[in-house]
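Input: structures, listed below.
Shared chain: subunit A. Partners: subunit B in the first complex, subunit C in the second.
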Partner chain A sequence: MRHTFTILLAGFACGLLSGTAAASSEMDAIAKYRELLADGNPSELVAAQGEELWKTKRGPQQASLERCDLGLGPGVIKGAYAKMPRYFKDTGRVQDLESRLMTCMENLQGIEPKSIVDGKFLKGEREKVAALVAYVVTESNGARIDVDMRHPEMKKMYEMGKMAFYFRAGPMDFSCATCHGEEGKRIRMQDLPDLRTQKGAAAGWGSWPAYRVSNGEFWTMQHRLNDCFRQQRLPEPIYGSDVTIALSVYLAATAKGGTMLTPGIKR
Partner chain B sequence: MKKISLIVGLLVAMPAAWAQGEDTYADFKAMMDRSFKTTGIASKHRIYQLDFQKACSSEKLPSKKEMARIEAEQMKTIRYPADGKYLGDWKEGEKIAVNGRGLTWTDKTPYNNGGGCYNCHQMSHHEISYGTIGPSLLEYGKLRGNGEEVVKYTWGKIYNAKAFNACSHMPRNGDAEILTEKQIKDLMAFLLDPASPVNKK
Partner chain C sequence: MGNPMKIRAAAKDGVTEVKVLISHEMETGQRKDANGAVIPAWFITELVAKHGDKVVLQSEFGTAVSKNPYLAFKFKGGAKGDKVSVSWKDNKGDSRTDEAVVN
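After this line comes the complex of A and B, so read on.
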């Protein structure tokens, strides 16, 4: 924990030196985050469960996830989330953290992805994925958002994610951009980040997954996006589906250079 | 000679770029098609777009001409109250304005939806929890009166905002059957009745 704060403090000092408006707003975000963490981040409990799950031999193949490759090599967790989503050679596709964890659980442990995809949030194996997510993202806290956009599949997912961002449909004609396409707007009292901009995307992408104080739940990015689509009055996105990954690529690429403050804390 | 080869090069490259754009769009549609499922009342067909939704789905707005065409088309959808009565009960209207529920996959029925007005608009003097995506409607009636033109315009705007601004953020409350005629009448009263807290402190 103290180590994390040192990194954050370093970021703080850099911001002071550069003195730009964007940096000062990031400083505000960091200061606010540190303040919230004064009493500890409730996600720590979920992350601790995740760490145990990572190391426990489970599933039909009675294996742990310690050989799981999140992109930086088997078993490397530190900083891995800040570089996701990414293109994975072995699966031949772009994956976010949750779809990648499902690949590892299937290949290493023999746990069927279907039980997770067809499951419910905060229940069963999907809840276990969430705990693993809490563990993994904690290990990218304070890291720079740095997705690798060189692979053509990443570029394509970015383009399709951007299309999905502006895609208006359903009985209320809403898109993501309806609420997140202008600066300084809010719904009721809730501030809305402008996700088209680096600053807004960094604030949004960089602070999820998060612990939600209002309902005491830890929400992954899949969970967050699922509820966005619900409120858009669109049909439900399938867990780990390409639209959720494409949107994640669009957000992470737009947020590039920002700071991961994960797990976040939300109202 | 150099010029010619440059032109030839452009001619060869351009259709290739277009084709790539079209391919990405086809792939995008296929991605949307396989990424969603029906849950509760939110059936999967909701991801298939109406023409105007598609026209309003990019970073840039459509051309002025296209916007005007959409607006004229949407104008035709507006149904004014058959009995000629536009104003209902402002107290009921206020409840509808506050209520943001309805039409999600966790809502049980498609009836009794909220208007969700406060999500985006300031309205009454006393409600401070309001959004800012739409303009403030505070003292809407006090500022505009309730002459026939104002009343008909307001009805039309609530019924189908796209008739006045093709790519408006505001839902088509009447046309998309989000609210009933009676609910729209109650909202009209909330906006226009001099006794409503929108107009009276």
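After this line comes the complex of A and C, so read on.
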């Protein structure tokens, strides 16, 4: 009898506090753990390496990236990531941060994109791109997610990204939406945002690239998407390919108006 | 000579809080690489923090500490403009010292 009473009381208190019946102390504890982690985000270390790389003269042409145009003019980094992916006139295509950095590295420094595209994550030139990413996204922390969708190429990419998001394939017949198309799902300790909604997409898009504490690695968006494909048991997408950029456009456009909390920190 | 540490120190009401982000692999020596070969142990063994010349924290690190460790501690004293330094040594004989100004 006393037991029932306690449960009823607890249920009542939960309802009162949060307005939902399913508020769990478990999730509160996880949130607190994340808060503790966020205090010392090792992305800072990667970003520091990236800043140095940005300013270092490298490659066959012995140039730095200080004249790299990320969409806001040559050398402007502040807030640039919050407006990406975007359509670039000079290349005539929609680019995400990583494909844009490859363009800069090719044009300014003479570093072949092939060495990056055919490389491996966390190795060689691709690792250097990741460090640069850490630096650039840090400069957009706190900015409003604001992708410019006016160009027809952006609209095309959005539609393609949406299609890819819902496209079921592979031995388990998974799509992105299988895990990210419902409110309140989680895998182990990681919430799975509902990426179809503005709120969910902002939580997802706004907190990647991120440092993962469990493996001590800094993951870019390309790395994140690549692993989503792997988790669906699909072939790995080509680094910087259109489908990966299209998915980024779909996410960024859906997340529009949210806040960039980059670089994120994940368990 | 490892990568630089990030050190932040702030004094408030006679207590200084120091936050240090250390760049280090912290390899335990118990992992194997893709070819099955053991990755040799490589970790910080000793860490000392000083306020000016005075040692305020002396610690022994081991393999249980994560990669790129984060360390936060407080000590009594310290004022704006003082210098705080942190140095570590690892099992390969490498060491590094970085400094920060209290604000």
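Operating definition for what follows: the second predicted complex is superposed on the first by the 226 of 267 C-alpha atoms of A that agree within 3 Å, B and C clash if a C-alpha of one lies under 4 Å from a C-alpha of the other, contacts with A are read in each partner's own complex, and residues count from 1 in each chain.
Throughout what follows, contacts are C-beta pairs under 8 Å (C-beta built on N, C-alpha and C of every residue); 3 or more make two chains touch, one makes a residue touch a chain.
In this text, all values refer to a predicted model and were calculated from it rather than measured experimentally.
Look at A:Lys32: by the touch rule set out above, it reaches neither subunit B nor subunit C. More residues of subunit A lie in contact with B than with the other chain of the pair subunit B and subunit C. Judged by the touch definition given at the top, the superposed model places A:Arg186 against subunit B, while subunit C stays out of reach.
With both structures placed on the common chain, the touch criterion links A:Lys114 to neither subunit B nor subunit C. Of the two partner chains, neither subunit B nor subunit C is touched by A:Lys123. Using the contact criterion defined above for the overlaid structures, shared-chain residue A:Lys55 touches neither subunit B nor subunit C, since it reaches no partner. Overlap of the subunit B and subunit C interfaces on subunit A: none, as no residue is touched by both.
Of all the residues in subunit C, the ones that touch subunit A in their complex are 3-4, 6, 19, 21, 23, 26, 66-68, 70, 72.
Per the touch definition, subunit A reaches subunit C in the complex via residues 39-42, 44-45, 48-49, 213, 216.
Residue ranges on subunit B touching subunit A, taken from their complex, read 24-25, 27-28, 31-32, 34-39, 42-49, 53-54, 56-59, 100, 103-106, 118-120, 129-133, 162, 169, 171-172, 176-178.
On subunit A, the positions that touch subunit B within their shared complex are 156, 159-160, 162-164, 166-175, 178-179, 182, 184-190, 192, 196, 230-231, 233-238, 241-244, 246.
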